[in-house]
């Protein structure tokens, strides 16, 4: 019979144990560990990219109409999350953050929900009168002056955070339209048009990132 | 003379056992049993035999002091033994018949449902 | 009046000192030490030493489920009978010169009484109707068969050695084994008894069903075998029996091979100048303490250490191991004893 | 006193029974690692039991597939009272990435009352230890309530 | 010769059985009458023998009874004699008890068969045959009785001739039995040729010291002849076949009684007739054959998958114990051997009755098909367990008490004689015991525990008469186990003393002083001492066990042990279902032949060899008999 561990056993009997005495000795997660999600509603622009990319259907967005605008509630269900961090990667505003906190234990399912709320002002439509400028503190990102219509001007970034296209460079590849999380872009290859539905646009900048010609400015 | 009897009985017993051991037919096995039995009977009779002896029959008042009997006890034993031998044969043949009914054969190599 | 007192005394023997309470405490303690040390050898911290007590009390508070397929009476009575038999067995094993019930049993009787707890477990498992229990009891029975031969050889060797030394020719009784060792030193000091003692050490984990001979209770493959359907207090009692079995076998080893220490204790007490009942009491107390300590050492050597360095054997390997290696050792011992070494 | 002793012991000696309800094995591995020398849950009295009859805590991993559901429920019902059910990982709580599959009928809480959820995919061993510690507390409360 | 009334009891005890057999032939068609006659005759027979206990066992009288008062004439025993010493009475009591219980059992057990009248006739013939054999004082009468019992046993084996293998078993038994009978007859007449007498006592006086080739051959012939009746090793397949095929009540007699008659005859032969037991070679022969029987049969039993066949092999294994102990030629050995013989009758009877109960209710004894009967037949299970514990030597049942004495006596003999062969016999005996336990664990798991097959859902408990019979045996098992000192003092030690009292036996028959005057060597009478090297007090043990059990039970009930929940409603709640890894439980019985594969795997060569050897062909078994005869003859010719 082969007993390879005899020496080992005797040695270990008199040596210190290799246990991490966890509950007594608190332990930190490793760097880049993806633990509990922290959501910064103040950074969020309600683009919905995270919800689209979430494989576990862990993210829900609830929109309520209130008088200031839309009250948006983002809820991250940790009990459904795969902690793949795709949502954080995709979040252009870095509103989703994965922390090293692994302590996600609950007796009720509600305890495993992470949520945040902000109010988004309704977008300014061209014919619409200017809205009250006062926005709640929770949603500063949506604030800003109404955008002047300047379609004919040489292409330069708008100051309301929405994209403009430089038709001279654009090849109408439709990549931006496909990437747009809000579905606000429409590109017709044949007609060579690039139209932006400003009501839908949340100004996330995905289109600009995706553009191979870098002809979208934001 | 009497030695021949002993040899013959020994021969018969051995022949009987030989038959039992080597023959695969149930009826032959029964025959073997009978042969061995006859061998034993012959042995018993030979043991009781006294050369020149008369029949061991008492008649009251006629006992001759010089009378010379053959031993009566072996004869009694032989009778018993013959009766028993007949019983054995009858019983075993009855069993053979029944076995033939049930198994359809009287070959010992096939009458072996109980083994192991 | 004296009848009442002696009755109370015997009741005390049964319930408290070498009996139930002693077995309960020391058995579970041994089990705890075993678990702790195995953990140590595996570089773990391990459970607290009192963990078996917690386990036992917890199981007492759990619901006891009787499966619909089980025969209720046997299912519930088996653990009780097994435990009772073990406690009684412990009463017969001398603590050096002291036995609670002297002259009621000998080593052959012990050999057979040792079967009862295992049998209780087997019948309880069989009564539960579970196929896991069926596989488990098959393996348990094979383990018993495996251990039986070396144990028999060891006991015969001891009986022969003691008998030929005392001139009786043969002695199965514990009293004369203890007396012989008190007079002539422990049996393990004799050349012929060393292989037997080693064989006995190897038999201990097999009899108690410890690693690596625990094929019968393999949790991971057959759901603890015979105990698969047990829950609550009956399960706790089986676990307790298992712990007490460790005490029984180790103290049997002490009684068979290390009995000479008893005379040392008696001399020590005599040196202290005590006489009369106080000396007797002290001797017994010291003897008990020394026995418990020796039992702990033996448990560590034969159960914990072996547990830590081996992996579970298959059942046919267990059988092969016991009937070749261990039996061979015991046979050497028996032959040596036979020729008077 | 005896009752109190039992309640105390209940908290100190929880035995686990692990059910894999269609898990990807990630959580199973983590549960095993809880018992390895590194985390050594045995020092808290945890032990993996072979049969549900012995268990106090049932640990369920996996999104509860249609095939496994009756087995999971049967095994859980065979655990004697007081018992505690812990879902480990996100799958049994919601279905996680498997949600919506034709073969997944979870979450588990639709069928039985779940005592503790340990989130994570897979949870860290520390989190599992936390979750089990919480479960033992619940177990003790259940025992005391009896 | 005093003619106290009890002097007539032995012949009456035999004749009442034959008379019953005769009467049943006449009145057998009336159900009540035939039960009445059978019960009455066995009860009277038992009563007569019990009445003899006081004079024979306790006062040591040896009853010599001449038929028709034809006592010895001219120094020759001409008449037909019966001689009852403690040994005969001991075996007679065993026979009577077993027959009585079996008869009680038969009444309900055989109620579904036809031709029950013939059954009782043969039953009483068998009983009378064995009774006549053990009480006879005449070698030829022994032969007659052997033939009667062989005939009755063969006919009864084939009684249920539609059962599997019954005819075959009967035929094999008849053939090999007849070889044995032929040997006995040949041996008898060869002795007659040498000594001109058939009386046992006179032969015992004349033969020792006057051995020549003829007597040695006669001894070998008689030894083998009676070995076939005791079914020891080369003849064990017959026992297995016959026990397995016969109705259970008959198996009780074949195993508990018939084998004992063979043993009795071997004891008479070797201790009285030839008085050769003091020779180490003779002891070797008996111990060797005993150990072989013990071990081979117990391993054969482990491989069986029929309940009754398994019991049959165990029966021979236990006979091996008896033969080994008897072959030691020590007082302790003979006493323990007889004790074990008695216990064997009791527990093996009980086990066969339990097997019969299972057969009666379910129609099969196949271990692979049965299971879970304990829920349906709790009484039978309890009785079976008593029997199983007894045979496997679990304290405090009777098997342990006697086995314990057997071990002691063998090992003591080994140490005293310094012969290492006896040491191995001790080891074989001890290991056989645990193998016996293993195979009874197999039976209890396969038949009484485990899962209940669907087709036996409606099985019920056996009727009360059969339970009563089993209860009688079970009570006897426990009682004889609990009071070994009483049993040895009043039953086995007088019988063992009688074994060593050959001259007393001769003198009782032939007139005092005859033995001393005729015998060329003095009759063997070693110092009859009963040495025990160990201690065992079952009553105290049981008392302690009960107290401990009570204490533990009280603690257990106090400690929530009563929190037992069990299924109440008929539809299976999954909580009370068995754990099947979560699956719904299906019928899955672990049991039958291969339960101990872990053991058998290591010995697969041996087991397959044994399986091939027991081919079931009658020629092979006859060959074994002839070869055994040749070997034993050769051995005896060499050693004497």
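A, B, C, D and E label the chains in the order they appear, each numbered from 1.
Everything below uses one rule, namely that a residue touches a chain if its C-beta (ideal position, glycine included) is under 8 Å from a C-beta of that chain, and two chains touch if they have at least 3 such contacts.
Everything quoted here is computed from the prediction, not taken from an experiment.
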**Neighbouring chains common to chain A and chain C, by label** = D
**Asked** Are any chains cut off from the rest when chain E is left out, and what groups are there?
**Response** A, C, D | B
**Prompt:** What's the fewest number of moves from chain B to chain D, given that each move must go to a chain touching the current one?
**Reply:** 2
**Complete:** Most central chain, judged by mean Cα position vs. mean of all protein Cα atoms, is C
**Asked** Computing the C-alpha centre of each chain, which chain sits at the greatest distance from chain A?
**Response** B
**Prompt:** Hey, how far is the Cα centre of chain B from the one of chain E, in Å?
**Reply:** 30
**Request:** Can you check how far apart chain A and chain B are, centre to centre, with Cα atoms defining each centre and the answer in Å?
**Result:** 110
**Separation of chain B from chain C, taking each centre as the mean of its C-alpha atoms, in whole Å** = 63
**Message:** Rounded to a whole Å, what is the gap between the Cα centroids of chain A and chain E?
**Reply:** 89
**Asked** Where in chain C do residues touch two or more other chains at once?
**Response** 39, 42-45, 60-65, 132, 223, 228-229, 232
**Asked** So which stretches of chain B touch two or more other chains?
**Response** none
**Prompt:** Got the chain D residues that touch at least 2 other chains?
**Reply:** 6, 37, 40, 43-44, 51, 53, 78
**Message:** Show me, using the given definition of touch, all chain pairs that touch one another.
**Reply:** A-C, A-D, B-E, C-D, C-E, D-E
**chain C-touching residues of chain A, taken from the complex the two chains share** = 1, 3, 5-6, 8-10, 12-13, 15, 17-19, 21
**Message:** Give the list of chain E residues in touch with chain B in this complex.
**Reply:** 140, 144, 147, 151, 154-155, 158, 161, 164-165, 167-171, 174-175, 178-179, 181-182, 185-186, 188-189, 192-193, 196, 198, 240-241, 244-245, 303-304, 309, 611, 614-619, 622-623, 626
**Prompt:** Can you list the residues on chain C that touch chain D in the complex?
**Reply:** 35, 39, 42-48, 51, 53-58, 60-65, 132, 218-220, 222-224, 227-232, 235
**Asked** For chain D, which residues count as touching chain A in their complex?
**Response** 37-40, 43-44, 90, 93-97, 99-100, 109, 115-121, 123-127, 129-131, 133-134, 138
**Request:** Using the touch definition up top, name the residues of chain B that touch chain E in the complex.
**Result:** 13, 16-17, 20-24, 26, 29, 33, 36-37, 40, 43-44, 47, 71, 73-74, 77, 80-81, 84, 87-88, 91-92, 95-96, 98-99, 102-103, 108-109, 111-116
